[in-house]
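The structures come next, written out as structure tokens.
Both of the next two complexes hold subunit A, though its partner changes from subunit B to subunit C.
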Partner chain A sequence: MVRTRPLTPYLFIAPLVGLLVFIFGYPLARVFDFSTRRIRGFDGPSVGFANFEALFADPVFWLAVRHNLQLLLAIIPLLLLSLLLAIALYERLGGWRIFRTIVFLPYILAIPIVAVVLRNMFQLNGPINTVLRSVGLEGLALDWLGDADIALWTVMAMIIWRESAFGVVLFLSRLLSLNEELAESAQLDGANWWQRTLYIVIPQLRGVIEFYLVLSLITLLAAVFSYVYIVPGRGGPGNATMILELYIYNWAFDKRLPGMGAAVSVVLFLVTIVFMVLMFRLRRQAAAEEVG
Partner chain B sequence: MQRRLAAPAASAPVESGKGAAKQRGLGVVLSLQGLLIIAVLVALAPAAFMIMTSLKTPEQYNIDRLGLPDPFTFGNYAQVISQHPFLLWMANSAILSVGSVLVSTAVAALGAYAIARMRFRGRELLLSLSTSLMAVPPVVMVVPLFVMFTQIGLVGTYQGVILIYAGLLTPFSVYLLVTFFRTIPTELIEAALIDGATPLGVLTRIILPLSGAPLVTLFIVNLLYVWNDLLIALLFLPNENLRTLMVGISVFQGRYLQNIPLSMAGMALASVPMLILYIVFQRYFIRGLVAGAVKG
Partner chain C sequence: MNPKKLSRRSFLQAAGALGMGAGLARAVPAFGSPFLQNTTLRWWWWADEPGFSAWIDDVAARFAAQHSGTSVETLQMDVSAVITQFTTAAAAGEPPDVQFLWNGLYHMENVWLGYLDPLNDYLPADVLRDSNATAMSIYEGKQYRVGWYPVPLLFEYNKDVWDQAGLDADNPPATWDAWMGACEALKTAGFVPFGGGASDGYWGEWYLTLMLTQALNNGGEGIDLFIGERDFREPRYWEFWAKLEEMVKAGYLNNDILSVDLFSAVNKVLTGELATTLNVGAVLPAHIAQIGDRVGMMIAPVYSDGAMGGKPISDTQGFGIPSGSRNKELAAELLALTQSPESLDAMWSLTRYFPANKTWDPSPIDDPTLRQLYDGWVGAETTLWLSVLMPTMFWTDAMFVAAQEILAGRMTAEQAGEQHASIVQQWRMLNDDLIPNYQVFAASIAAESL
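What follows is the complex of A and B.
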């Protein structure tokens, strides 16, 4: 610590505190306030929990919740796929650096761009179905985005395609920093590749796997707006890909009922608090390791 | 990993090819290599489709979805550039990205220096609160922010949107800079103070010049975040002449649902700036995004 005049630290943190209060603090307080009012323009009368009652009575709300929950399933393929690819890259077979560069590419492309390109690829007469038909898998050439029963799964596949790229790089950078003596001595003891990977390498990734899980859960809950806004077109067909973010957007900005939008935001915020706590604990652990 | 996450900028990526004498069955090697090749093809397929299709005429695309363009036509690109303000959109995105990153970095550097190296009440609380804000989804703040910004006339202004982005970026910036600043020896700072430097002078003349790596990381991660955002730009910049690239292409693609080659030319064009940055700064991208995991 450096000695300063008593006021100096407060001058240094003043802009930080101001900005965080302006963009996070005040809006978060207001969103709770708004959720109990019928807002027209800037303000409105208090209506108690009427917004929440209307919300819970709206089948579309439950549909959006269900879709968000369904998207959480993507966590399993995301984790397995990125772990597998990271381990494959870790073997440093020929050309692995180029492979790494390319595997990370999906993450560099912006979601709206990815969404537009993939949407065209998944059209009924698009290239994916063309390939499927040409190899005799006629039955698999589905209406990937037009069919309400499939559209959300298709969106999920797109999310997995882009977001696993990040997992690969995250896991790989941890793998490359591992101490290899453990795996080497296990090899001397006669452990084969599978045993070394399953029992020696993966357990050492526990921390980063936990971190990736929390991060992906937050992404799947609250950072998929760009996919559903563009891909099937605003949560369509019908409400087949409606999710909470878009539902907030619709209430607040299409129907111009900010009170309702705020009520949904409160629900989403309360859910993410759980994840904030998780994240916070992981960070604390990290800080403790740093000191120790 | 936590350790790397906690001190991402300080530790150089380990990329040595050590441990070469690993024993693996041929089956394992072949299946891993096969897996990687498939993954690379899947990762590349959309980009390949985008570029190939953008070089076809609509008639050609209707006949042949997958083949090589024959002949190659650059007409789609010419049409996109001449009829749509892609360059204006890119300029808008660039102004917002750079502006937000600068504001956020300045605010975060001041705060992080105080948190890392000065003693004051509520220091740990401030760091904890700021860090946990990384997990709050922006969409939660959007409704009250929009009402507030409408009230004070900040909707449709660069300043207003830069403030929002800067705010959203700052928790991560603070986190990363605090972690790095704590690794800078106190003796350096004390020596400068004894020589009569002010605390602000210490920050700008001693600490920041030593912080090249985390600053580049911050710059790239945060730039990518603002550049790629759709939600905030869509809501807070309704004016046509202030559209960002992401809003621009979401409007653009809606107009050409039937003309896929033209649409793909637009997407390819829109990908160029970040691709160039990625190729030039690849190391920082990977290191930075791993460190900046929380920005998703």
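What follows is the complex of A and C.
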């Protein structure tokens, strides 16, 4: 057997680790640094925690937090819709190839393109309301984007529609790699389709479901900027669709106070980390209980 | 070489050769530069009307033809990135050589950051003066932009619609009461009297510019208001929102104003879906091309007693030279070329719109409606475009929010005044280092009595 020195493996991975630290670590350190400064251009004097104080005193910040939390409600429908569609495609129901394309299509298109199209469709006098009115559903022809009470729910529906496509891809690829013998033997034992799906198929998707949940959490907390910027327009009407990403963008670019933008980013980063740690801890706990 | 038999040694040799090639490619121009003298001038621009690219291309081509070994690389910017893209590039030390700049604070904040050079060192005083960049491009006696084209801001209306409502389309209302009377007549005749698209925020900015201006005696007062030296809670400073509230309550605005964007809605005036909207002069040639002299133009109806009220509003788009440019002399020559008689004439012949330069002879304007626009909003005594003196934080947090909330009936004008005062105080707290600059700028604008 060839014996290696204990440090040798670390030397091999050192260049990559160095690269990763440079790519992710340096910007992160700069963001933390910026958050304690009044940045003009690329630098500025230290202001201690003044940016954080101003942030926590700003009602729009708390509104954005509330909206992000509201968007997290989309996780459940995202998961259920993705699972349902993936299983339906897996079962190869009639026309499944066409449906597969239809389901995947929104995810292939860039978010700004999808957002612009949807913005036009959901206008008060746009195609969706025109159809609703023409079939006598005048009462459902709402001001989807212009009404502050509805706009965030409209955005959420758009996010669910587009982002579920990725879940479908993910779940379908896992489904296609499942050992079918288990399901077949359950069928021989008399298990019906629902029983096989609930007790045989879905439990085997557990790992990928957990992965998708974490990914959706990150998406809904930190990757929905394009939707709210383009669809209702700049987080409007008023601040009805203001979310943390847009709030960061406004501070960093529009209001020219990157230090404030960095302070929000630090808060968002820490909150996301806390969420993820909690999720991984729950997962470990559940795994331990299963073994026990 | 058979790819199937590519050995590790061959692969490393090929990679090494490629690396050396790449290194040499970078090194050669450095050795050869005294002989080649190739310079690329980078010109970043934006325009209210995308068709103005024809003029940009023309100037760039003529400049390159006049300067052998020099090429001009143009980049058309997105409206949402005009300021941010330049500021970021300037901060990173990689700005273009010539940059499009909006007037007022939109470029002055970059001046204070040291990202723009004064043009007085590069261009003769008469060229700077005649370019008509306005006093909002001057700080402590130094000018930072040359003018490109004028941007009148006005009420545009469809004369056919006004005729059908029994109004005198050639004599639009000048006072608020007369305006409300016209709106009522339009509504009674079955038209949507007034409106546009406010989802992206620019309609609110235009409305504020046209209306708040009337409560002020000069632009310096405007800056004072935006930076908290005056109080937005005083009724005269939120009365313009009360006028919007009045129109909303009377049902004079289009019901989809909050779900459509500015430029989608602007065209509704052509079809008569909107009787009147807000618009900028640079878009009007396209409208005139479609409905000819049925395009009506009017100054905002007067409701207040400020000295700026009742005057046509016009601004100027322009260009400047970033401090980080490595080709400032050439950039200045390009700016000089934009002000040459050939370029001024080319602006008209290529775009059917006029240059801002005061020396340009408007006699080629062969369309009476365009001539009315020129005489009324460019050749006449005008007042400034107030929103370019508004800190961007006021734009995003105060104006944008208040305009949409008032249009939705969720905020009163008085509440908007309170909200503005609160945002202004927040701005002061976070930008106290900039306040002295704003004060100097306000004083110089006030001195110009604009």
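By definition in this document, the second predicted complex is superposed on the first by the 250 of 292 C-alpha atoms of A that agree within 3 Å, B and C clash if a C-alpha of one lies under 4 Å from a C-alpha of the other, contacts with A are read in each partner's own complex, and residues count from 1 in each chain.
By our rule, contacts are C-beta pairs under 8 Å (C-beta built on N, C-alpha and C of every residue); 3 or more make two chains touch, one makes a residue touch a chain.
Everything numeric in this text was worked out from a predicted model, so none of it was measured.
Contact comparison for subunit A: of subunit B and subunit C, B touches the greater number of residues. Contacts of A:Gln285 after superposition on the shared chain: subunit B is touched, whereas subunit C is not. When the shared chain is aligned, subunit C comes close enough to touch A:Ala148, but subunit B does not. Of the two partner chains, neither subunit B nor subunit C is touched by A:Gln70.
Shared-chain residue A:Phe42: touches subunit B and subunit C both. In the superposition on chain A, contact of A:Phe99 is made with subunit B only, not with subunit C. When the two structures are aligned on the shared chain, A:Leu84 is found in touch with subunit B, with no touch to subunit C.
Contacts of A:Ile13 after superposition on the shared chain: subunit B is touched, whereas subunit C is not.
By the touch criterion stated above, A:Ile111 is placed in contact with subunit B alone, subunit C being left untouched. Using the contact criterion defined above for the overlaid structures, shared-chain residue A:Val169 touches subunit B, although it does not reach subunit C.
For the contact definition in use here, the residues of subunit A common to its subunit B contact set and its subunit C contact set are 42, 125-126, 253. Subunit A contributes residues 38, 40-42, 54, 58, 60, 122-126, 143-148, 232-234, 236-239, 250, 253-257, 260 to its touches with subunit C in the complex.
Taken together, the subunit A residues at the contact with subunit B in this complex read 1-4, 8-10, 12-13, 15-17, 19-20, 22-24, 26-28, 30-31, 34, 39, 42, 84-85, 87-89, 91-94, 96-97, 99-114, 116-118, 120-121, 125-127, 130-131, 161, 165-166, 169-170, 173-174, 176-177, 180, 183-184, 187, 192-194, 205, 207-208, 211-212, 215, 218-219, 221-223, 225-226, 229-230, 245, 248-249, 252-253, 258, 261-262, 265, 268-269, 272, 275-276, 279-280, 282-283, 285-287, 289-290. Those residues of subunit B lying in contact with subunit A across their complex are 1-7, 11, 13-15, 17-20, 22-25, 28-29, 32-33, 35-36, 39-40, 42-47, 49-50, 53, 65-66, 106-108, 110-111, 113-115, 117-120, 123, 126, 128-137, 139-148, 150-151, 163-164, 166-168, 170-171, 174, 179, 186, 189-190, 193, 199, 202, 224, 227-228, 230-231, 235, 245-246, 249-250, 253, 260, 263-264, 267, 270-271, 274-275, 278, 282, 285-287, 289-290, 293-294, 296.
Touching subunit A in their complex are the following residues of subunit C: 84, 87-88, 90-92, 109, 113-115, 199-201, 255-261, 391-393, 395-397, 400-401, 404-405, 407-408, 410-411, 426, 429-431, 433.
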